Amino acid sequence: MDVEELKKRIEEALGGLVKGIEEGKGFIDVIVDLDNIVEAASRLKELGFDHVKSLTVIDYPKENRFRVIYHASSYLDEELAKYIVGIGADVPRDNPRMPTLVYVWRGVEFQEREVYEFFGIEFTGHPDMRPLLLVPQLAEAKPLRKEFIVKEEPIIRVKPPTG
Amino acid sequence: MTARPVVKRLVKRKGLFAGFKGNVDAITLGLKYLVDPKRFTLIYPNEYIKLDPGYRGFIVLHKEKCINCSSCARICPAAAMRMIKRQEQDPKTGKVKMKLWPVINYQRCIFCGYCVDVCPTEALYTVPYHDIVYENMAEMDWGLETFTRPPEHPVEKEGGIPVKYIVDEERGLVKVKAEGEEGD
Amino acid sequence: MSGDGGRVYVGNLDRSAKRAKDLVMGKLRMGRAVDWATAFSLWPVHLTTSCCGCEFAATWSPRFDAEQHGALPWVGARQTNMILIEGTVSKKMACAVRVTWEQMPSPKFAIAMGACAIDGGIFYNSYNIVRPWEIIPVDVYIPGCPPRPEAVARAIIELQRKIRQKRVVSKWIEEGWRPDKEYVAPKEDPCSWWRG
Amino acid sequence: MSVWVYGEQKSDLKIEGAIARRIAEDLYEVFIGPQHPGSGHMRIIIRVDGDIIVDADPDMGYVHRTMEKLSEGREWIKNIPLFERMAIHDACNVTVSYVIALERILGIEPPPRARYLRTLLCEINRIAAHLYGFGIFGVFMGHSTMYMWSFADREVMVELAEKLTGARLTHSYPIPGGARRDLPQDFPDQARKAVRYFRRRLEEYRKIFLDNPVMRSRMEGVGVIPKKVAAELGVVGPVARASGIKYDARLAEPYDAYDEVEFEVPVFEEGDALARAWVKFEEIKQSLRIIEQAVDWLEKHQREAPMHPKFWERSPPLWKKVFEAEGRVKLLPLMANLKLPPGKAMARSETARGEIVYYVESDGKTTPYRVRIVSPSARNAIVFKYIVPGYRVMDLPTIYGSIDYFPPEADR
Amino acid sequence: MDVVKLILDIIFYPPIYQLLLIGLVGSLVVVIFILWFERKATARVQRRLGPYHVAPRVAGFPQLVADLVRYAFQEVIIPRTVDAGIFILAPIVATILSILPIAVVPLTSNPGYWPVPMDYSVLVALAISTVSPIFLILAGWASNNKFSIIGGVREAFVITAYELIAILSILAASATVLSFNFVDVVEAQSRIWFIILNPLAFLAAFLAVLMATSGFPFEIPESENEVVAGPFTEYSGLLYGLNMGAAYMKRFALSILMALAFLGGWAPYTPGEGILSGYLIPSIIVIAKATVLMMAFSFTRSVYGRFRLDQALDGAWRLVFPMAILGFGLALLEAYLGVV
C-alpha cells in the first residue's frame, strides 16, 4: 500500500467530511470541519488507526486560527503502522474551544491537558481539564502562543566578564 | 528488510524447587563477587582518569589564531560564548581599533563543542579534563585573559596518578596506569 | 503536652541542649572532631531536580563510587546534611528544593551541579526556571552539562576541605548560625504557586 | 467522595481495580514525590484504601524546561543540544529523529558512513539507557546490587560513546547531513570486546535479578497492561512490546542504517512488569548484534568524512586536515544560520523507552516555526493514571520502574 | 590487689557486665563493626570500594564513627505537629528494650556469673525481645506523618508474621532438651550443635530475625521507595541515630539468643573458675558467634531486593511457619529419641 492508496481509503472511509488533504514529509494531514472532528476521528479509528502519536497544535496568529492535528497511527495493523495520518481542524483563536477526542483515543488525555495549558484551547467534555505541566500562574500566560516571546541574548556582550 | 518482530514467552518458573534453585544461584553469585569483586573503582583524588585528547573538556582560546569572526558566538546554543568589544592597537599599523573577542561563561557552557568545530582557524581547543569546581560564581565567567590560558588541573597539581580505562573481555572495564603520555 | 520542645516531660530542651553544647564544644574541645566527622559524612538528600541526576547516579556507581568519601545518598531530608542540586530547577521544583532545604537539620550544605543550576545553562532564557542560588545558599558550583562524576567528587572534596580548614561546622554549632555564609532568603516565596 | 469512573462512554476500556472497588469515605491521600526516592522528579498523588491504590494522579511538570518554546527562538542546529537534554542518557536516540526531520525538509540524505555511525551510537545509547532503566528499576525494589551492577556495566558503553564522540552523555552527535566524528582507531576492537563481555555478563543479570525468586515475585503479575488496553492508551516502546504489540519505529519506518542491519524485535505477551524487564533484557542482546554489524561495516569501508557533500565539498582544506588527524568533522560557519526551505516534516525514532515523534514546521527562516515533540515517557505517563489503581502501594515503584519513566523526557 | 579485685568484681558483676559492658558498649562496637562490614561487603559484591578516604589504611573503618558523631551534633528537629513526649521517648525506650534480652541470658555455665536465675531464661528472653517493636509503632504514630504512620502499620503487620516463628523456632531448641534453661540448651550442644540437629528450626529463626530487624529481603517497614524512612521519617540527629542503633542492637541481642540456641553458645570451650575462664572467654565466644550470624544477616542485602508486604506475610505464614512447626516437631522427636 502506498500513500495514494491510503489517501483513497481514508477519503472513502470519511466520506464527505474531508475538507482537504495536506501532505507533509513523513505524514499526511486530513483536514475536516471542527464540528465533524469527533465523527471523522471515530471513522479513522475504525479504519485501524488505533492510537495518537502526537497532538500537534500550531498557532497562526496572522490567520487568527490554531491548527489542531491529531497525528494517529496504528499498533495492531502492521501495514498501517508505517504511516502517520493526522486528522485536523482549524480552531478560531478568539474563542478556542473544541470537542475532546478522549473518548475516541484514550491516550490523548494528557496531551489535551497540555494543549489546554499551553494554548488555552478548551476541550469540551474532557474529564479532567487541568494544567498538566505548568504552575497555574504560568498557564494563564499560554506560553506556546506566538505572542508570548522569549528573548534571546545578542551575540555581543555588554556586561564585562567577572572572572 | 532484515529486522523482524519475534514473539517470545516468559519461562514459567513455579514450584518449590525452582524457587530454591533461584535463591541458590543468586546467593552463589553474590558470594562469588564477595570473594573476587572485580573492582575497577577510581580512587579519585589519588588517581585521575587521563582522558582521550579528543575529550570535550574546558574550552580555551589561542588568541593569536583568532580572526574575530564571531562564528563561535553565533553557534553557541547556550549563549555562553559571547563577543566583547575591546580597543586594541594593531601591531603593524599602530592604529587603535575596536575588535571583537570571544569570551566564555562557564556558568552556562554546556560543553557541546560546536564552537570548537565551527572555528575557521582552529583557534579554540579543548583540554581533556573537566573536574574543576568553583566556590563563587564570579570566577566562572571567564574574561579574555583567563580564556587564553588552560585552567589548572587540580588533581594533577596535587600529584594524582593518571590512569586509563580499557575495555576488557573478562571484567568489563579495567583500570591501568596511563604511561608515557606526558603533556598534550 | 506542648508542641514546642516537649517541655512537659524533660524540662527545657533548649536549655539542656545549650549546656551540653557548652560542655562538649567548650570544655571537651570536640570542635575538630565534629568538623572531621561532618566532613566525612556529607550525606546528600535524594532530591533529583533534573537530568544531571544521571551523572549523580553515576557518581555513586562502582566506577566512581563517591561513597569512598563518606557521602551516601539518603532518602529522607531529616537525616541528611547536604543537598546536591542536579541541574535545572523549574518553578514547580523550586518549592520542593526550598522545602527540602528547610527540612534538613543544620549544619547543612549545598552543591549546585551543572550549568543549569548556576545560570540556567542552555535554558538560560526559559520562562520556567529558577536559579537555585536565589533560594538556597550554595557552597560549591560545578560547571558542565552534565559535569563528569569526578567533578562531583571534586566538589565533595572541596567542601570537605572548606569544612575542615575554615572549621565551618564547629563555629556553626558554637554560634548557632553559619558565620561564613549569608543566609539566603528567597525574594519571593517559591511555593506561591502552590499556596495560591 | 467518589472516584470518577473513566471510560464508560464510547469505549469498552475497562481497568480492574479502579472500577471494581467501592470507595470508602475516608481515603488516605499520600503525596509521593518530588523529594521522594520512589518518584524521581515528579509527584504522584495516590489515594489508598488500606494497602490498595484506588486513584493515582501523576503531577508532572517538575522538570518542564520549555523546550518547545525555546526552540522557536533558536537556530535549527542549536536545538540539537537543547532537545538532547530531554534524556541525556539516551542522547543520540532522542535527537536523531529531529535531525532526520531537518534532513527531510532540506531534502538531503546523509552518506552511508554517517548513517552507520549514528546507528552505532544509537545502539550504544540504547544499551546504556536500558541498563540505566534496569538500575533504577532494581533500586526501586530495594535491589541495590542490580543498581550498582547495571551502572557499572553502563560505564563500558559510556566509555565507548565517549571515545566515539568526546562526551560521556551529551554527545550532540548527529547533525543535519551527517555525524560529528568518525570512528577512533582502536574502537572496533574495544567494541567487540565489550560485546563479548556483555554476552557473558547478561547471564549473571538473569541470575541475580530476573530469575531471583524475590524479585520475580515482585514483578510477576504486577502492572498488567493487556494488548488492547495498551493500544488504546497509546503506550510505546518496551511497555507496548511487553503487551504483545509488534511495533517498533525501527521496523515501521526504518531510519539510518536500520534497514540494512539484521536484528529482532522481541515481543512478549504477558504485559506485566516482568515481561517489560525481559523485553529490555532481550533488546540489549539485539543491540549487541547491531553494534557488531555496524562496527564490521565501518571497519570494512573506507574512512571518509561522515558528512553530506553539500556541507563538506566546499569546505576549506583545514577541514580535511583536521578530519585526517583527529577524525573530527568541522562545521561550516553557515551551519549556525542554516536556512531551511518552508515545509513540514515528521520523523520518529525508537529510543530506549519507546518511540519519539517530532513534528517540525519551517517557514523559511533560520529558526523553526514550530517543533512539537512527543516523547515516549510523555506517552507512557498515562499508565500511572489507568494501570496503577488496583495495585498495592508497594507495587507503585515496581510499575514506575518497569515502564522506565524518565520525567525530564516527559516534561520536556 | 584488693582494689583491683574489687573493681573487677564490680565490672564483672553480671548485671553490670551484661547490661552495660556488653549491652551498651559491646553492642555499640559490634554494631559499628557490622555496619562497616555491611557497607564494605555490599560494596564488594557491587564491585566498588565503599568507605575509604576517612582512613585509607584501615579501609575506612572509622566511617561509622564519623556518621555517629555527625548525627550526634546535628540539629534535632522536633516538628510542631508531633506528639513531642512520645516522639522523644520512643527511640530511647526502644533502644533500652532491644538490648535488655542480653541481660537475662547466661554467657557462661558458671553459676556464679549468671545475672538472673536461669530456670526460665529462654522464655524471659523471648518475652522481652517482643516488646521493643511496640515503641517503633509508637514512634511512627507520634511522628504524625503519613509515611511514618504507614511505616508503623507495616511494622505492626510484620510483627504478626515473625513473632510466632521466632518464638517457636527458638523454643524448638529448648524442646530438644526439655528445659527452659539456656544453660541446659548450651550444655546439650557440647557434642553437636543444634544447627545440625535441627536445621529447619534454625532456618526459620534466621528468617524470623531477618524480619524482626528489617533485614533484606524483609526490609518492609523502612522501605525507602514507598515510605521514605518508615517510622523514622521525621527523626533527625541523635534521635535518628538511636533509632538506627536500636534496630541493629536488637539484631545483636537476637543473634546472641540464636548463638546460644543453635550455635552451641560457648560450646568448644568449657568455662572454668575465675573471671577470665569462667566469664570473659565464654562471653567473647558467644559474641563472636553472634557477630558471625550478623554478618550473614548483612550479606542478604547485597543479593535480594525486598518482598512486598503481603508476599512477606504470605511467605511467613505459608512457608516459614510450617517450617518452624516442623522444626519444633523434629525437636520433640529428637527429645523423645534422646539424641542429645
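Brief remarks follow.
Chains: A, B, C, D and E, in written order; residue numbering restarts at 1 for each.
By definition in this document, a contact is a pair of C-beta atoms (placed from the backbone, for glycine too) under 8 Å apart; a residue touches a chain by one contact, two chains touch by 3 or more.
Keep in mind it's a predicted model, so treat the numbers as computed, not measured.
Steps from subunit A to subunit D, minimised over paths through touching chains, total 1. Here B-C and B-E are compared, and the pair linked by more C-beta contacts is B-C. Distances from each chain's CA mean to the overall CA mean are smallest for chain D.
In terms of their C-alpha centroids, the spacing between subunit C and subunit D amounts to 32 Å.
Subunit B has its Cα centroid 40 Å from the Cα centroid of subunit A. Centre-to-centre separation between subunit A and subunit C, using Cα means, comes to 43 Å.
Contacts with at least two other chains are made by residues 61-63, 65, 68-69, 75, 92, 122, 124-128, 145, 148 of subunit C. Each of residues 26, 29-30, 39-41, 43, 45, 74, 77-79, 105, 110-112, 140, 165, 173 in subunit B touches at least two other chains.
Of all residues in subunit D, those that touch two or more other chains are 36-37, 61, 64, 66, 69-70, 73-74, 81-82, 145, 148-149, 152, 155, 170, 208, 212, 246, 251, 411.
The list of touching chain pairs reads A-B, A-C, A-D, B-C, B-D, B-E, C-D, C-E, D-E.
Subunit B makes touch with subunit A in their complex at residues 70, 73-74, 79, 82-85, 100, 103, 105, 138-144, 146. Within the complex formed with subunit C, the subunit A residues making contact are 134-138, 141, 143, 148, 150-153.
Here subunit C touches subunit A in the complex through residues 91-92, 124-128, 192-194, going by the rule given at the top.
For subunit D in complex with subunit A, the residues that touch the partner chain are 4, 6-7, 9-11, 13, 60-61, 64, 66, 68-70, 72-74, 101, 104-105, 227, 230-235, 240, 245-247, 251-253, 343-348, 355, 357, 359, 361, 369-370, 372, 374, 378-379, 381-382, 385-386, 411. Contact residues of subunit A toward subunit D in the complex are 24-27, 50-59, 71, 73, 75-76, 78, 81-82, 84, 103-111, 118, 127-128, 131-135, 143-144, 148-152.
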